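In the two complexes that follow, chain A is the common piece, with chain B as its partner first and chain C second.
Moving on, here comes the complex of A and B:
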């Protein structure tokens, strides 16, 4: 087999960080190559180098035998390399067809004016390749996430007509926000793709990588530490290779059961958010972890946001420590000792461009000052350092910009923003592990478990059933905005995944 | 090599000489502009000239300082100069009734109006650019209406105005007031919860909101401070001329914003500060003075002003922090 794409001794240095260190990669024709590693291990950087977003600091990239150096994604695209982005790169207010051809020379524009019919016909041909049945003149904003991803893929595949020879298609964590059936649909497309191209596939979910890939590379700390063929390895070995420790027992067991008979931290009665949630009631005891679960649109997220004061129009009653309250803003919720880690880390969770320290102290830093008005920078800094060490945040220093950290470390910093609060009573976590690798996920779970042991109450919406069952004391299953089933004492009496799924759909 | 590492120990964020240039850039630009002006007109170094320059520059500088707060939020206050004119008119009208108490009354009133305007931006979801464009019209119109579109003189011998127009230890009191306001506000920004909320809001309004930062309150006090500084600037103008005119400050609107951006404060919010603005404000003043001293005709002055400002911003902006330029 001849290699389509080879990387030899590729390194990439950023100021203060070595993202890639002497990496060798071969990608063969008609191959799906899996790439796994923790957040910050260099996977995304590698993708960006292949895709032309970054240039290697040293080393060589060869495409079909010839050395190449791409100055931009456009140059890479012209050479037949397309990237399906982790954060999607489509332009929301343009139509599907306009997005498909935005980076290509076209013969259906005359004097700068589109000839819509011809463009839409051409778009339809591209969409057929990925079996996506949407009208080419639909604005991208109106598509689901999975549909947009298929449009991205179609955009990459439409390079075929421009390139002599077959394509290299890169997928950067394509599955992290897809539902299981959407993942199956994506995999079907990836398998079809093999006939006409080579694929590089990044995912945090090891079972996925194993099922789709012909070969897997494991990256750790910017180095290529292992290569395995399909069928030669299993998730446990991969986990060990990438994290450097064994998988089993990575999440602590619950030591102290929560004080269920003590006064309730939070009581929610008949919570209704028009169109999202209907008459949901539950309560949270000190130290209890309540997991909310449901398919997308089940209302679990809206419940979280109501408790944090973001859904201002909710009806029903919410009481914090026995006192009835009306939550109309996050600031009000924070004043009552409620914190919230949002699902949208990049837009709602962290302030990009600011330092890790600034992000950690934004909410409760003033508690370490004088009278809640004057700040005591040294004292709050010490507190931030303490939590940074406890949660093992990997950063050159707390003065580093948060957006330059890996996703897992960003999320730890967002979490510790709340942990600085000495009066924090309840923490609401909305998909806290989205986009995190298994190692970071286990770290975060242990931190959450530890916080609950220390008496913090937690309401949490998870990504997978497995993590819900591992972590929760009580599970509420939501369906169409209502609680369809409730499981108590989850840690001593584990419900089967089947039972939970039955209540979900 | 050794001095590089010494510098990076002192300023950990400075990794390359380029970073250093950008951090010290605004100060370097000011020094270069100053040196140019001195080379054209050495006489400006005389104490009396410096003194007069600072006296004249004080109203603009106080407006620059005030305008910085909305810009740090990623907002903009276009109404500041109109507020300065309105404040001067109202103060002149209130003087006969309230005496010296007119000064705190006007500043307080401006603060309340500014707070209301900041709060309404969030409540009514009107972008600050549009909101303050509207109030710019309202304030200018009010100033014309209240003054019957004419000048109103104030007599000499009124405490606060004698003070603002006077000197202490040879320094113009108006400039000393600028320095005092600058110090106080810089400390507030650096060492109070409210000050830090301004930066958090500017970096990401949504993330700050979701972290418990009060959106409406933060905007309200930033605009309150902007309006209060504007009113103070208006009173300084009044103390210089001893009469109020309904449009006396309107030519300060753009130079005030120029001062903010030349100092290095990003128009998109979250980056920059008051020291930057003070330097930027002085740069704007020096460019103005320089083009006048150089004897350029009026139109050429405007062109030179515009070109120098663009160069200054291009040299000093740290684009890695801002990311998107619109």
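Moving on, here comes the complex of A and C:
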């Protein structure tokens, strides 16, 4: 087989960290190559080196036999290498069409003047490829996250028409925010792409990688530790290769069932958010974990946001510890002992560029001060250290920048921001495991389970059925904004996944 | 786990075709209406003001007064149009007053006048615009290539150009003698001077540049996320310099307009142009943080400000109170035009 792209002895050092250590990779023509590994194993760095965002510290990259060194993503694109970003690269206030062609030499701009009709027509053709039904002149700001991901894909696919010859398309966790039907559309694209390109595919969902890839490399701690062909392996083996331990039994069993008959922490009656949620009622007991799930647009996220005071226009009644309240701002919710971990960890959950400690103490640090006026940095710090140890946050020190931690550890730091609050009673988690690898997910689950055992109430929106059944005490399935089914005592009486799916559609 | 995903995949495939598509269409229609309403805020404010003033002062809606409003809008409109290109990129240009003063003097001493012997005619106009463009380019290059904050660069340039204007000012005030030039402000067609028509023409060209050219669109992109634009391999510096050049040239044009209006060279001709210019942009919905608004927004903002000033005079409001009322209206108008942003949890900087 002829290799399109070969990497030999590629290493990448960042100050204090070796992200890639002597990695060899071959990518053949018309091949889908899966790349798996935990967060921080070097997958994304590898992608960025191939895509021209980073340059290797040592080692060699060859494209069609010739050594290459890309100084920028643009150079890589001209050589036929496109990267579908994990962090999105679209500009919100430009239209879909403008974003598709922003980085490409086109004939839509004559002497700097746009020819919109032609540009929009060309954009429509690209959008059809990814089966995305949005108008090309829609501002990207008005698209959902998943739709943007498809635009991102279309942006890379439009290289097809600009570059002759074989393409290399890199997907960095493209599926983590997509719904199942969108994932199917993406896979159709990947299979279609094989006719004239090679694909590298990263995902945390190992079944996905296994079903789409012809070959899989496993990365661990910046090293290429294994290579498996399609059909030669299974998720359990891959999991073991990735994290070096068995996947079964990695999540703690529930020890103390929640005190269901004690006074309710939270009672929600006939919650309605126009256009999103209709007459949803449920309650949460101390120490109970309530999981919400539904297909995209089911309203599960809006329920969470209402509880945190972000959906100001909600109707219905919400009572916290028996007292009826009107939640109209996050500040009000925090005052009632409610914490919220948003789905968009990178943009809403944490302050990038600041230290882990600063992120952990931002909300409640002042509670450890003197009389609410003077701060007591040392005491704040001790409290942050305590939670960092309890949740096993892996960081060189608490002064390390939070965006340099792996996703799972970032998420744990975001969680602990709320745990520092002495009066915290209820934690609302919106897609807490999004973008986390299985090892980090299990770690996070254990942390959440531990908190619930200690009496904290949890409401979360889950991504997979698997995590719903593993973690929840009570599952609420939402469909079109309504609760379509409710499962109680999940830990002692596990519902079948078929039953949950039936309630979702 | 594999089974899980397969199951939910089927579920999604079943659910998606009808539900998803209908949702997308609804969203598009709703968003279009929402977009229109959001940018209509300043227009509503303008209409409300016209309504109130016309009830309080019978002369307010007279043809003569509407003509007067347009005349006084010409110069602020030129300034606001130029500023818009800089503001949508998230930068600012404070140098307009100085540059306009300088081009005013330059024009007055190079065109037929009572003091100096030069009589360059159209050449004087071109030199003045060229000077504005030049200082704009200088602003842009210092900002884009030396990476100095635009606020500081243009603050310095404001003072530099003000000083140069004072230096160029001859011992006595130059009276402009070129009849055709002064005629730009004096000769009326349909009761409106050529300056107003010119301002409208410039605004139309600016609209086309903003909406139809790469320069205009990339400007918005820079205001939204400069880092991403750089990653797309686009020469960000070039577009920044271009925006400042446009802004400088517009300040130059504004200086020339004032020369035609007052008929003399005045080293302080630009005084009081900057604040209304920036206020007009912001009232119209052009955010100082960049990425939103545009030429049309800024023009509506200009009309709001000019109409307000005119209306306060027409209704015989106590002159001592006029500034205060102006300030209140600006704050209220901006609060109204950014009301929809307030509701989101997103940070507005």
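The working rule: the second predicted complex is superposed on the first by the 451 of 505 C-alpha atoms of A that agree within 3 Å, B and C clash if a C-alpha of one lies under 4 Å from a C-alpha of the other, contacts with A are read in each partner's own complex, and residues count from 1 in each chain.
Convention: contacts are C-beta pairs under 8 Å (C-beta built on N, C-alpha and C of every residue); 3 or more make two chains touch, one makes a residue touch a chain.
These numbers were taken from a predicted model, which means no experiment stands behind them.
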Task: Would you sort A:113 into first (chain B), second (chain C), both or neither based on which partner it touches?
output: second
Message: Just to be sure I read the superposition right, which of the two partners does A:363 touch: chain B = first, chain C = second, or both, or neither?
response: first
Query: Touching A:161 in the superposition: chain B (first), chain C (second), both, neither?
result: neither
Message: Under the stated touch criterion, which partner chain does A:121 make contact with: chain B (first), chain C (second), both, or neither?
response: neither
- request: Return first, second, both or neither, reflecting whether A:489 touches chain B, chain C, both chains, or no partner chain.
  value: neither
- prompt: Between chain B (first) and chain C (second), which, if any, makes contact with A:94: first, second, both or neither?
  reply: second
- prompt: Counting only touches as set out at the top, which of chain B and chain C does A:135 meet: first, second, both, neither?
  reply: second
Task: Name the chain, either chain B or chain C, that contacts more residues of chain A.
output: C
Query: Should A:330 be classified as contacting the first partner (chain B), the second (chain C), both, or neither?
result: both
- line: The intersection of the chain A residues contacting chain B with those contacting chain C is 310, 330, 348
Message: For the complex, give me every residue of chain A touching chain C.
response: 53, 72-74, 77, 89-94, 98, 102-103, 109, 112-114, 116, 133-135, 138, 142, 147, 179-184, 205-208, 210-211, 235, 295-297, 310, 312, 330, 348, 464-466, 480, 497-498, 501, 504-505
Sites on chain C touched by chain A in the complex: 1-17, 19-21, 23-25, 27-28, 31, 212-215, 217-218, 220-221, 223-225, 228-229, 231-234, 291-292, 343, 345
- prompt: Quick one: in the complex, what on chain B touches chain A?
  reply: 12-13, 15-16, 191-194, 196-197, 199-200, 203-204, 206-214, 270-271, 321-323
- prompt: chain B touches which residues of chain A in the complex?
  reply: 15-16, 308, 310, 329-331, 333-335, 340, 342, 347-354, 358, 361-363, 365-366, 369, 372-375, 377, 397, 399, 417
